[in-house]
Each structure stands twice: as structure tokens, then as C-alpha cells.
């Protein structure tokens, strides 16, 4: 009898190990299937709106950070060749549940640098955890204000210099959650919480959504100032599909 | 001595069984001890909070090992966040003002000694008395529980100014449930203290022994009586204020929240409330509260001082008159907390004069105390040392009132550390010295054992010098324009940080000294020298009964009083220099 | 023990007084026209308070020294005059003292608060919010455009909720730092968008709360060119300690240049 | 207790009013060490306590009143509600309950003066008056609840308007005090049933009841009036 009791934990552990291993294999299978990707560029048509300069004089530290690179609002950032930065592209329709529930790897990082948010817009998968860090020598408070109806819970914590990163996640999809710092009222950005693969445009306005399983989708491009746009895209294994978007300046 | 009151009448037999005897006891003495215990727990909690705050103020980025166990969000990596500092500050103030300064000198000693000193067997309503303690205890639990909330306890200061305290979580951490619990705790506390007054006043008026006329009550009884009258009116105003605040929070009413508030770019739903209304209601309670803390201490100090200078005070009536006028004026001066709150500038002046005038009775009391020392036979012991220390502290804190009473100067000093220094000396430290005085003086009567005098004196010296080292510099900081309720000092306040470091060190040492007191308390309670009936050779009734007193205080007899409370410096038949209140012999001037 | 107490007490009293007497820490130099009266009042009060403090502590110390631990037989003395004299003295001394303070104090107070701002005082609006001050200058037309709370949006730096299509608003200048010309009276219109805050400039001898839902105003004249700090003294949340702005007192010329520069940035 | 005492032993014996050991205030010190009979004018603690309690309650409602006045003057958003009619009915009910209580007290007093306290015969009549009071008291509270329903039916909820906020707060606060009075009344009924009812207890209960009654009249005026 006694012996059996002794053995039970060993057996349990073994079982657990097997299950884990199996799960691992499964997950690899899934990601192996998702090899297609969507690429493209997002442009702004017309004159980019004037982005006001930010006066940070309330906090001398912030001023010092921008002595030779004056800070501006980042609501609309147009790069070389009219490329629109900080546009988030995600699959709003057609994603198979398996892929939708797949846990994306990696932790998107939201940095507070020179009393600005980098990136200005942080896209993440609903299943991802995201990390808030600070590179500043002044205290910030991070205060996302999600829509109460989505079930996401607002939070408000400050992060003194050198404090460990805050690791958080959201309950529900939401496009987009504004985030601000009350100590530095000009600091503001967005969390874009989506299901499945997503991409964010770089300074040239080009983006890549990788890990898209073959199939036909609706891609939505979200920009904080302009109404969102959608396109139908069909992804086949191997060949990357392209979808370009153009926003019209107001 | 007690020949004419031999017949024993037991109205209620002492309860048997632990619960009825020590926990849900209706005996005013047990309740008094319970209050004292509550005060003790609260004061050490508050003190530890102040340590954490002081450390943070001295060394803002200091990692305090293990702090994140207290609050993972409040101290990521053991470094205190701004919100956590403010939360600790709020809790420190609330705990100290309500559960120490109100509970210990008034509820604790009052419960234990008021009935004995007027020659009553118990309070008239023992069950209400018991309820008053347990309600207060619940209030304490509610307050402490807010420590364990996700975003921590309230952070809007012990004054809980609206709208910060009324708009809810959108205003920042701790402004949600934490603030509600804070207000609820205060409302419950008010109920507890009202129940207390419900007993104190009838005891003083109707339960006095034969011959114990009003003019024969010890001064501390007067102190408690006046205090309960104040508590009656003050707490009865705070309670509705807290209820309205809670409604603004949870029911979306707009008593204190005005229209068109935009917090975090969100237009608030409230409309039309008045933020000054909260300030008026709060300070109408808040200023009397200051005297609720100090008047009992005044009474206790007078009582102990007289016993140790072996002569009556120059005037017994003046002290009482002054305590009464202080209590009365305290309702007409509350506006001096709001000089910069946008009141009509004329009303600032209207509030300024009574505030200045209230220094007259306060000064008179001090003059009587000091003048009575003249030609006395002052005995030095822990109790009398703390009594003398009280006078010194009360003066030191009182004079800074001259500044804050004047709106023109208040412009400069309002919300600076000058104010913090002022009320810590005159209200907190002074009242706590009163508590120490009472403890060293009455401990033998309460527990039947003597406290260790040597430890007591060491405790006094460290506390006395320490308190000055902590709170005097506060005034200098204030003069230099150092704003209070800041978790870190940037800009023009940065040069002042060294003073803060000094204060922090002083605070750590002084706080550590309190553990000597705690040790003395616990050790003496169990292993102290057995106390005689009247160790200090005092006259009042509590010293005519065994230490500790029996269940019905007088062992069935009904004391009869023949003398004024303070027959010291006389020649009694048995060669003593004092005559007990219930002795029949007629005093001869020594 | 008693003698130690007396000595300690006297040392403490002197020690507490020294920083005051040597002016080690004191309010920063006054730069306002109304501040002189306040400072005068302050020093008067300091003298009276200081004297009563020292007197009380010294007498207490001396009495403790003399009258402690006397033998049991020692004669109980009585304070000359007894209670009556003492009460009278207390009443007269303290009474006159505080009444005098009150009267002079109210003079100083009146000089700050009982005069309306001059007709040509320069209007500046200050918007307080968690956790920063922002300032608005009316621009050439001398008129402030109306504020629309629903338009307040810090993300677009619209701290006042302005609608720039409105004529009065078009030329308004919003700044993060406050600048004023020297020797020119300023009429500061105070508005809080969210909570209670306070406007405190020690050098200006000005402290006034922002009361939400109640727009107050203060007026003052700065007499000394320089850079000063505006801090918040009304607990307003976690960033309270860092709610500040800078006040620049410029010569008229510099001020005009500054205003032009800021206008260009709008 | 306002009774005349002739000899010391009796002083002690007549005392048992919840463990008081003195007969209070105005006593003169016995001269020459011999207890002379002295008159005792001091009221029983319970009645003092009552006044203390009433003072506290009054302060509370003064605070509410000042809040109401300030709030009403503070802003333009005060929409005066016209009170549900049922309130006036409730008022009558409450007044009636006071009358019945008083009737009982008087009759009880008469009886007590007549007979020895020990053998109080409690005829149905007196008890009936008590029960009537109880019934009226309860129906008042129910009536207040009905008033709330009426008001919410008209779309006035707690947060709708400062006027309705104050209406709910004040009526709720008052109803709580009435419930307290009902508690006291139940105590009186019990003691009366055991024929152990002390006149002081009855006096306190009835005086409290009348106070709550007057308080209600004041609140009614406060809610009705446009200040």
C-alpha cells in the first residue's frame, strides 16, 4: 500500500510531463500551419495636419530630454513618401478560431522615454501580456482608460525611476484604449487590443502581418485621427498577400 | 474612614466566564482597558506608517526591504510610489486623530476613571458602553481593511477634501472603494463616540456619590465632561457629512461635486455640488476635534500635576472656565482652516478674531499651571515629568497658532510644514504626553502593579528631546515655503532635504524609544511591583479603592464625599500632607 | 533629575530660537507690492510669539529647578497676587497682544483682498488640472474665447476646451509657463477643470485655492525680474508633489517678445 | 429618581436604577460626619441620556439642514419636487401615534400613583393604546416607503436632483430614528407585559417618540418650503 502512495506523485508528474510535451507539439503544428503573411503600405493623401509642439516646461527633466529635438504631437505622423506611421492593421474577419486563440509569442513593450510614449500606439494580441517600462529619471503614472462596456478594467499606477516593469494584459478586445500620464498631461498614446495576428506601420508606412494561415480575410487599418478602413484579402500559403491603404487628410 | 457607608448593596454580580468578563464585558473598567488597548495598537500602527513616510521623504528612491509585501502596486521593487506615500499619510493621520488622540485620553481613561472618581459603581448604561467600544473597534477594522484593496486605501488626506474624495476611482488610486471605506469608518466611529457621550454625561451629572458636588469633581472629570459635550456636537456633524460623501461616491448624487468637471478628459456626470460645503461641514467637526484631543489631556495633566506639586492649583474654577470657553470658542473658529479656500475675505477676518482670542483661555491655563509650581513641593517622577513636558509642548505648539490665526500670514504658511509642526506639537504630541502622564500615573490603579520608574524616565527623555528635534524643524521648513503632502521635493524645496533627513533620523530614534514604553507596559503588567492602594498619596476617590478596583469599584459601599478634590499641603491627623476626599476630618492649613 | 529637566528645557528653547534669530530659514525675498505689509506683520508676530515661547519655557524651567524635591516640611508658598492677578495679567497682556495682532493683520489682509484689481490690470487665465497649470493670454483682441468643458482634450493640448473657430478664441495664446511684465498689475482668473488645486508663489506672497465650480481671481504686481516657481498646495492626487509651473517676470520688452514667440507656436 | 428620601439606608435601597451608587448633584455634604436625610433633585440618568441623545440627533439634522440650504443656494440646478400626498397622511398617522402613546402614559401614571408599583393591574385598555401606537408607528414607516415608490414612479431617484437626493436622505434618516423609537416601544410593551415597567423608561420612550414626531414636522416643512 505505502509503496503505491509513494509512486503516485511520480506517476502524476510523468503524466503532466507527457501532457505538456503534447501541448508543445500541438502548438508547433498550429504555428507551422500559419505561414502566410500580409504586407503593404499605408499612405496619407493630402497635406499632413500641423502637429503642435509640446511645451514640457513644467518638468525640467523632460525639457532637458528634448533640448535639441523638440517634441511634437504624434496623432498623425507622416514619414518619407507620405507613409503614415502608427497605423494598426489587424484581421477583423475570417480568422479561424484555432488561430484566433493561439497565444502569440513575445511581450509588446511600451516605453516611457523623454516624457513621450514609444511606441505612440502599442498593438497587442488579446492573449498577449504587455510590458510597461520607463527610461526616464522622472516619475510617470500610466493611466489607460478603456471603455467600461468592454469589460476591460482601467488602471492607474505610477512608475518611479528605475522601478521594475509593469506586466499587464487586457480582458477583452478593444480598438483602441487611450493611455495617458497625469503627471505629464501631454503624454498620451493608445493600446490596440485585437484577436490574432496584427501589424503596425513604421516610419515609411509599411507593415507586415505575419503568421496568417491561408484563407480570405478582412483587414482593418486603424488610425487614431481618421475613420478606419477595411480591405478583403486572400492569403495563400507561401505567397504573401498585399493590401495598401490610403487615408485622406481632413 | 468609611464608617458611615458600610452597608453593602450589590446591584449586579460580576460575570463569570471569559467572554462576558474580558471581551463583551459591560464593566466600564474592562471597556476602558479595551479602549486603551485599541489606542495602543493604533498608535504603533500609525507610528510605523510615519516611519515609512519619513524614510521616503529623507531618501525618496530608497528601497525599503519587504515593503512590496505591504503593497505590490504601492511599492514596486520596494520603492514607494507617490500614491502609496499619500495613502500612508492619509492612514497615519486618520488612525492617529481618531483612534489614538480621541480614543486614548478620552474614551480609555474616561471609561476607567470617570465613574470611580465621581463615586459611581458603573456607567448608567453598561450595554451601550460596551456597544460604543465594539462599534469603534469595527470602525478601526473597516479603516484597516482598506489597506488590502487592490489600489490601496484613500489618499485624500485626513480632511478628505471634495471633489478629490467624492468623484471616485477616476481621480486616481485609492479614490474608489478605499475612499468609501474611509468615510464609512469615520461614520461608524462617530456612532461609537456618540454612544460614549451618552454614558459620560449622565454619569457626571446623575451618578455622583453623596457629597460629590460639581465643584468637588477632579479637573480631569471636568475635562472628560466638557469633551463629551464637544464630541456630542462635533461627531453628530461629521456623520451626516460622511454619509453624503458616500452617496456622492456610490449613488451618483452631487452634494459636493460641482458641474463640468473634466477628469482625464472625461466629463463627469455630477452637477451643481458645492465643494466648500464639505470643507464647512468637515471643519465644523474638525476644529472641535482638535480640542476633543487636547482638553482631556489638559484635565489629566492638571490632576497629575496637582498630585505631584502637593498643593492645589492657584485656581480650580479658572481652569474649568477656560476649558469651557475653549470648547465654546472652538465652534466659532473653524473657518481659519479655510483662509485660502475662497471664502469671502470678510469672513476670513470674522474667523480670525475668535481664533486669536482662543489663545487667552489657553494661556490662562498655562499660567495657572506654571504659577502653581511656585512655592510647591514638586515631585519628579515619570508621570510628573510627562506632565511638565506637556506644558512645554503645549506652549511650543501654541505660539505658532499666532501666525496661522492671521489670514494675512496664513497666505504664506498655509499648507506648509509650519502647519504640520504646529498641530503635531499642540495636538498630537501634547495629547500623547497627556496619555503618557495618565498611563504612568494610573497604571498602578488599572493593573495593580507599579511601572518601572527608571525605564519611564529614559522613555521620557528620549521622547521629550526627540519630539522637539522632530517637530521644531517643521516650522523652519514651513517658513522656507516647504509644502506639505509632497512625496518628494523638487525645485526650490530641494535644498531643504537635509533638514528632512535630520527629522527622519530623529523620528526613527524617538519611535524606537516608544518600544521601551511598550516593554515597560507589558513587563510591569505581569511582573511589576505590587501596587498599594494609594501609591502617589492622592486625594481623589480612585485612590480610596484597592488596586485594581473590585468589580463594583467600591466593594458594595457607597462613598460619601466631604472635601474639595485637592486637599494637598494641609496637615492631616495621621501626619500626611493631604486629606482624602471622603475623609471626615476637617483640614488644617499647614 | 529636575535640574536636568530645567537645563534641557532652556537649551531646547534657545536652540529652537537660534535659527529664527539668525534668519537661517525664512521666507524668500518678497517681490510683490503688497508683500511688505505681510512681512512686517510676520516679523511682529514672530517677535511676540518668540518672546512668549521663551518666557514660558524659561519660567517653567526655573520653577522646576527651584521648587522640585523640597522636603516634606517645606513651606508651601503662594504666587504673589495669586490667581486673580494672574488672570488679569493674562487677560490684559495676551488680550491686547492678540487684538493688536488681529487689527494689524487685518490691515495687511485688506491690502491684499479688499481692493479690486485696477482697470488696466493685465488679465491672465490659469487652468489647473491633474497635474499641471496652463495659462491663457487673451491676445490682441483682449478677449478670452469661451471654454467648452466637453472640448477639453489634453491629447490634443486643448487644455481649456477652446473652439478655435470662435472669433474671440482665434488669437488666444495658451502657454505652459507663466510670464508677466514687471511692475504691471496682473489680474489672474483662476479656473480648475477637475479638482481642488492651489496657486502658491512664496515670493509673490500669494496663495489661493482653485475651487472647482467657483471661479476665483487674485491680482498682484511683481516688482522684480526673475524666474520663480508656482506650486500646488492643495492635495490633488498622486502627482500633487510635481504639479508646478514656472513664473517669469520680464521687462515689458522681453515680455512682448515672449508673447510673440508663444503666439507663433499656437 | 425624583423621590424623597428620609434615611440613609433607604437611599441605598431605593437606588437600583441601573447600578447608580449616588443620588447625585445637589447633595450637600453631610455635616459632622452624620448622614442627615437630604432631598435629591437629580434626574435619573436615563432622562439625562435622553436629552443628550436628542441633542446629538438635533445636531445631525442641523448639519443636514445647513447642507440643504447651502446646496440649494449653491447652484441653479435645484428642481423643487412637489411632495407625494401620502406624506400628509403619514404625518397625521404619526401625530395620532403620539396621542395614543400619551394617553397610555397618562393612564399608566394615574394607575401607578393610585396603586403600589408592584401590583400593577394592566387592563386591556392601556395595552391596547400601546399596540395602537405600535401599529401607527409601523404604518408610518410603511407610508414613507410608499412615498418613495410614488416619487420614483415620477422619475425622481436618489441622484436625479439635489432636491430628491435630500428628500431620500432626510426621510431615510428620520425613518431610522422612528424605527429606533419602535424598538423602545417594543421594550415598553414587554416590560409592561411583565408588569415591570418603570415610569422613567416609559417617560423616556414617550418623550423620544414625541421628539421624532416634531422632527418629522420640521423635516416636512423643510422639504416643502422653497428657501
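Read from first to last, the chains carry the letters A, B, C and D; within each, the first residue is number 1.
As a working rule, contacts are C-beta pairs under 8 Å (C-beta built on N, C-alpha and C of every residue); 3 or more make two chains touch, one makes a residue touch a chain.
Source: prediction; values computed, not measured.
Chemist: Computing the C-alpha centre of each chain, which chain sits at the greatest distance from chain D?
Modeler: A
Chemist: Of all the chains, which has the CA centre nearest the overall CA centre?
Modeler: Of the chains present, the most centrally placed is B.
Chemist: For this structure, which two chains share the highest number of contact pairs?
Modeler: More C-beta pairs are in contact between B-C than between any other chains.
Chemist: Could you grab the centroid distance between chain C and chain D? Build each centroid from C-alpha atoms only and quote it in angstrom.
Modeler: Distance between chain centres, rounded to whole Å: 50 Å.
Chemist: Let me have the rounded angstrom distance from the C-alpha centre of chain A over to the C-alpha centre of chain D, please.
Modeler: 65
Chemist: CA centre of chain A versus CA centre of chain B: separation in Å?
Modeler: Result: the chain centres lie 54 Å from each other.
Chemist: Can you give the whole-Å distance between the Cα centres of chain B and chain C?
Modeler: Here the centre of chain C sits 30 Å away from the centre of chain B.
Chemist: Among all residues of chain C, which ones touch two or more of the remaining chains?
Modeler: Residues 129-130, 154-155, 213, 237-239, 242, 244 of chain C each touch two or more of the other chains.
Chemist: Mark out which residues of chain A touch at least two other chains, giving numbers and ranges.
Modeler: As it turns out, chain A has residues touching two or more other chains at 139, 141, 156, 158, 178, 180, 182.
Chemist: Quick check on chain B: which residues sit in contact with 2+ other chains?
Modeler: Expected reply: 81-83, 172-173, 258-259, 264-265, 272-274, 276, 488.
Chemist: What are the touching chain pairs in this one?
Modeler: A-B, A-C, B-C, B-D
Chemist: Mind listing the chain D positions that touch chain B in their complex?
Modeler: Touch residues, chain D against chain B: 8-9, 11-13, 15-30, 33-35, 38, 42-46, 48-49, 52-53, 55-57, 59-60, 62-64, 66-67, 70-71, 74-78, 158-159, 162, 165, 169, 173.
Chemist: Along chain A, where are the residues that touch chain B in the complex?
Modeler: Residue positions touching the partner: 139, 141, 143, 145, 154-164, 166, 178, 180, 182.
Chemist: Using the touch rule from the top, collect the residues of chain B that touch chain C in their complex.
Modeler: Listed in rising order, the residues of chain B that touch chain C are 81-83, 86, 155-157, 161-164, 167, 171-173, 175, 258-265, 267, 272-276, 309-311, 314-315, 318, 340-342, 345, 348-349, 352-353, 356-357, 359-360, 363-364, 366-368, 370-380, 385, 388, 391-392, 395-396, 399-400, 402-403, 405-409, 411-412, 414-416, 457, 461, 464-465, 468, 472, 476-477, 479-481, 483-492, 496, 499, 569, 577, 590.
Chemist: Looking at the complex, which residues from chain C come into contact with chain A?
Modeler: Chain C residues touching chain A: 129-133, 154-157, 159, 175-177, 237-239, 242-246, 265-266.
Chemist: Sort out for me which residues of chain B touch chain A in the complex.
Modeler: For this pair, the touching residues of chain B are 61, 73, 76-77, 79-83, 151, 169-170, 172-173, 264-266, 488.
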